[in-house]
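You will see two complexes here that share subunit A, one where it goes with subunit B and one where it goes with subunit C.
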Partner chain A sequence: MKALLNNSFLDLLRTQTVAGRQLRELLLLTVFLVLIWGVTALLSPRFLSLDNLSDILVQAAPLGFVVLGQMLVIVVRGLDLSVASIMATAAVLSIGANDSIVSIVILALGVGFVVGAVNGYLVAYRGVTPFLATLATMIVLQGIRFAYTKGAPGGSLPETFRWLATGDIAGIPVSLIILAVVAVAIYWLLMRSKFGYQIRLFGDNPQSAYMSGVPVRKIQMIVFVISGVLAALAGLFLVGYVGIVDNWTGQGYALDSIAAAVIGGASLRGGKGSVAGVLLATLILVSLFNIVVILGLSVEFQLVIKGTLIILAAAVYLSKSRD
Partner chain B sequence: MSKAILAARKLSKSFGTNQVLSDIEFEVHPGAAVALCGENGAGKSTLIKLMTGLYQPSSGHIEFCSEKVNWRTPSEGIDAGVAVVHQEFSTMSALSVAENIFIEALPRTRWGLIDRKKLRVQTVNLLDSLEIQLDPDQIVAQLSVAQSQMVEIAKALRTSAKVLILDEPSAVLSQLETQHLFKIINALRLKGLAIVYVSHRLDEIFEICTDIAVIKDGVVTSAGPIADYDQQKIIAAMVGRELGDMFPPKASIERLSEVVLELQQLRNNSFDQAVDLSLYRGEILGIAGLVGSGRTELAQSIYGARAATGRVLLEGRELGKRTPSKCLSAGIAMLTEGRKTDGLFAQSSVAHNYISSTISKGASDFNIATDLAAQRSATVVAQFNVVVDDLGLPISHLSGGNQQKILLGRLLENQPKVLILDEPTRGVDVGAKAEIYRHLRALANSGLAILVISSELIEIVGLCDRVCVMRDGAIAAQLQADEISEDNIMSVAAADDSEQQPLDIEVQCVNVKSISSTQAPI
Partner chain C sequence: MISIDQGRSFKATLKTWARATRFESLHWVIIGLILMVFALGSIGSERFATLANIFNVQDQLVVLAIIALAQTLVILSGGIDLSFAGMLGLLCVFFAGFNAQDTQTLALAIAATLALGAFLGGINGVITAYVGVHPFIVTLGTSTVLTGLALLHSNQPSGSVALFFEDVVYARIAGVPCGFIFVICLYALTAFMLWRSNFGIRLYAIGNNEVAAQISGVPVKQTKVLVYAVSGLLAALAAIYMVGRFGVGDPRAGVGFDLRSITPVIVGGTLLAGGFGGVLGTALAVILLSLLANALNLMNVSSFYQWIVEGLIIICAVSVLVGRSKK
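And now, the complex of A and B:
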């Protein structure tokens, strides 16, 4: 019985166990990241400068928040297309209405919470497919945003925001510290709490989960709320990073977050996803954008790389799941 | 006598070490209808799959038109002239009747588009020749089950078939629809088609079949013209075997005094009939009946997984709005019929499957140690003798028997008072079956009340202390002690109608109240 329980790291890496497979995927992502960093560093020594690396990490932070939420949604067989719209709407509404940082944060996260709850309600209690539900809220939010701003977002960005998004404490970017705290919290939620087990079991087989007494509706609801709140948080960080409040803040983040989640090992068929994996994938995506710029390639090239990477990831995971 | 059109000669089939069919001799002649009878798992469907080219024989061969054939795929069998209508329909509900029938050979115009006019003419001609009345343009989704089946038959007979195999065609049909089906089958037979008819309903066999072959445990135990048979003789050929020491000794009826679960006028959304039933502490109650008789629906409606009206009382207290989650915490646990569809978490580890209904047992909801699941399941692996290399493996790596033991162990983690087991040994090998039976009896002896639904009569007879036989959503008879026999169960389950018992086997309906000292059901 001891033998069943004790597994060293190397042993685990070789087994066909669920944990072993996940570990191999993480290793693969790490190797890929090191590889592209290494190649770029050889071509352009400027890449590995502390400034540039810190730039990559700070840029990656807003997408990182969104990806964590998106990953949870994908684990329960969903998709959240509304995240980008939430980012912009939360930022525009909260900053337009307030000057104090506390009320801006509360209002922004409140917007994320409410939209996430609407998504969750539609999916869990009304049986709307996640794609349609979040597409609809995305469009509605866009309308509300433009009606509110009449095309020109107002309000001024408090200085503290700039610091939160671009500043550092003892050399470590503040946004990264906050992302790390959120990531650990999500990791704990997914891997160590009862709720996290239920999320993963539901993603594996919703019918079995229901028959095992898992509160299936509540689970979907909460996951969409988390995704909404994290997207709102990401919106604030992105606005702080860019320095201006824009109606199109976060444009492209919906599909980027789905891409990062899939590259990071979350399966659109549900039940699979890891915090470390999707964060690594986020870093890979953001690095690639940076590399394109550093190497002086045309910006359009970014899109080609991104698409190719998704296909590559899908092919790798598919061939592994057939084993 | 004419020559056989389709025949099996010394046909054997084994999967690994498991011999499913041995030395089968079977033939069907033009203009004859042969009934293929046998219990679930006897080997009927394997024989059909061999005769249609879906499986290849391990030894022996198939003869078609007196020639030895070696079909490698079902399409070769179909091309030769063997048409099959399976129990599960393959119709596409969004297409029309005509499109469904000719889906594999849609007539084309010279532009490559579907030739609607020609399609309609072909369909009308085919349906007329089969004497089936259907509108070729109607969408299949709008048809009744019986009409969909007619579409299946027409589709099967689109090419000039010489043999038509029907696998339990009446299981899903009402009385009237069945009569209509029989008319069509008879007409086809009189035109010279050879029919193979698989059914559990013995009365039907006498109505439309000319010959019969009975399979039991992979061997043809009896065959001949239907005129030589009566229902008794068929049942005897189908069942009648030693129970051996597969099953542990039963509980004595006198011990049953304390009602644990009581159903009062429970009526689910699939049947009109209400069910009253009491389940006693320490007993194993079997629910027998044919496929579609409402057994699973009854279990689901107790467990809150299916909408139902009526009352369910657990230890005298009524359970309000039931859901699986509430039933589990109240003390009712259920093992589902479809292990893959709503039992297992196929990609998750053995350990996570084991704890899925009691995730944080022995820990806080927000701090579950990473190896807690493995530690907890290691205990049950030892107790149930589960064969597994590593508890972290996906449960899909385990054999059916080992999977079932893990799922059974998972239910016990909830410390239930009532266990509902729907087909507990489906897809489980004989060795694991005996182990599961032993565990179930031990659980009953320790005070659990167990409800077992099974299509395997031998299991019902060998394992259960009392048996309810279901038909059309209602409990048609309750049997106990010596009355529990395969003959008695079959004669009730396959009977036409509760008013007229076609058999002279005496079936005593036991009133539950007579052995109960506690409150009687209303």
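And now, the complex of A and C:
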């Protein structure tokens, strides 16, 4: 506490408080990111060009939205396997049915909301394991999506949409501005609000949270709804970035978002999560993909690196949480 | 720990049998559902209730049955194995990469593939048990790595296997596919092992309460490594069978099996938290799901709707079983 009061950064870094630990984790992630960027820049000067760096950031935005929601779910000891399915279903249904951007956004977020609510209901009120509840909704959504499109999604993307996902305001990509707004909101929600205090307490110890009068069912429900809505938003951005609507939009995002959340310091045992950490981890994962392409390695290397990184990160955090 | 009833009455014999197979009332429900699907299929398509079609279903369920068996063992121990996608792909290209044309190479290839499967599974187990990382993360990570390695090895289906081996895999005894008979033996063996062996008893103990098991002197870590190794071994068996069926090693052969393997385990009544359930439920659930898929196919229901049905089955199953998970 003394260190906190002195407000000395170095002191804080050494303390055994939660804040000190989180700061050390962030530092570790930043060092790793700088390291891989540095090595790549040495091997290929093209990597550090402004175009390429902004490309990495824009690519990272959709995963960033998903990861923020996923992290909240993981904080309450859950898992959301349905995010990728929500991304594709929200995008396919809303763009297939509409032309105007407002109705597309409302419809897509509505889909995310409903699916999140179903997940939340199953988990909070029916006592289903999050893993199974979201696995089931993932499969059902997949069926609904394909049955609706009969395998070939239609509809066209409004121009404003492409601009939202790929354009920029004064050199700063629009998607990044929106991601920053959402990240700040989630940070406030998790670290500064009563709701955030409740979900962290629930993640730490569900029983004591219940005893202390935390509305445990309601908060689980809300967290899954947030995750669903953010996934739907991510789906729209990804479709806008890629330029076409596909039934498999966002494939792999479910596991990637869990990986990024874990690398970013969220623990599957609940109660731990950091907005800055998971966003850094997202950047690391997306950078790896870019690096593999820039260095001309075969794309499969990305899988090998990613898998190793996931296990290593989890192992590192474990050994640290023990002391 | 478990004694055999010495009673001579029929009821007592039934009880013994129920205990050995861990039979429970839920299994009647699954059997009832199987009969319902059977009736539905017979009404919906005249090709469904033919002997030829039933043998076909038996052929088709072999891989899912083996993988679901592996998943059952891991889940019983309180873990989860999501590495089958990468595992099957790598083991398939590895086995087919031997291009075995004579018996000697074939025996070597089979032995090497089984060893590699057990070794890779063992790695999952070591990281889970000794480093203490959540099995979800471990197996997710290894699956990603193994998928990468399989695709680096060969980007498209490659390799081959002797024609006589394919004949063995396709062989039928009085119409019944050899693969199906093999699976039945495998399930019986595993059920017996879960019932009588130290390993089986320890598996339930760890799944039920790891701390209690540790205190009671159960070698928790070694048992965990062993169960993941067995899971890898079974994945190798499935991979060998797949190569025998396709005649070629497909690096993408395992896609989807990581999550598909969980459905029959859960529908069969095994708790995801571990320690409760058994292989009989998984076997019945595999039969139910395979028959359902076959019936829907013959009734020309597109696979899109089959996904919806599969998801709803999971929701129904877990909602029904929810009372048991709140132990």
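The working rule: the second predicted complex is superposed on the first by the 316 of 323 C-alpha atoms of A that agree within 3 Å, B and C clash if a C-alpha of one lies under 4 Å from a C-alpha of the other, contacts with A are read in each partner's own complex, and residues count from 1 in each chain.
The working rule: a contact is a pair of C-beta atoms (placed from the backbone, for glycine too) under 8 Å apart; a residue touches a chain by one contact, two chains touch by 3 or more.
Being a predicted model, the structure only gives us computed values, none of them experimental.
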First (subunit B), second (subunit C), both or neither touched by A:212: first
Touching partner for A:106 - first (subunit B), second (subunit C), both, neither: neither
Touched partner set for A:42, first subunit B, second subunit C, both or neither: neither
Partner chain(s) touched by A:144 [first = subunit B, second = subunit C, both, neither]: second
Subunit B versus subunit C as contact partner of A:172, first or second or both or neither: neither
First (subunit B), second (subunit C), both or neither touched by A:27: neither
Subunit B versus subunit C, judged by how many residues of subunit A each one touches: C
Touched partner set for A:201, first subunit B, second subunit C, both or neither: first
Subunit B residues within the subunit A interface of the complex: 303, 305, 324-325, 327-329, 334, 336, 341-349, 352, 355-357, 359-360, 365-368, 370-371, 374-375, 378, 381-382, 388, 390-394, 397, 410
Subunit A-touching residues of subunit C, taken from the complex the two chains share: 80, 86, 127, 131-134, 136-138, 140-149, 151-152, 155, 259, 262, 266, 272-273, 302-312, 314-315, 318-319, 322, 325-326
Complex interface listing, subunit A residues touching subunit B: 1, 4-5, 7, 12, 15-20, 188, 191-195, 197-198, 200-201, 204-205, 207-215, 271-272
Subunit C partner contacts - residues on subunit A that touch it in the complex: 79, 81, 122, 126-129, 131-133, 135-144, 146-147, 150-151, 255, 258-259, 262, 268-269, 298, 300-311, 314-315, 318
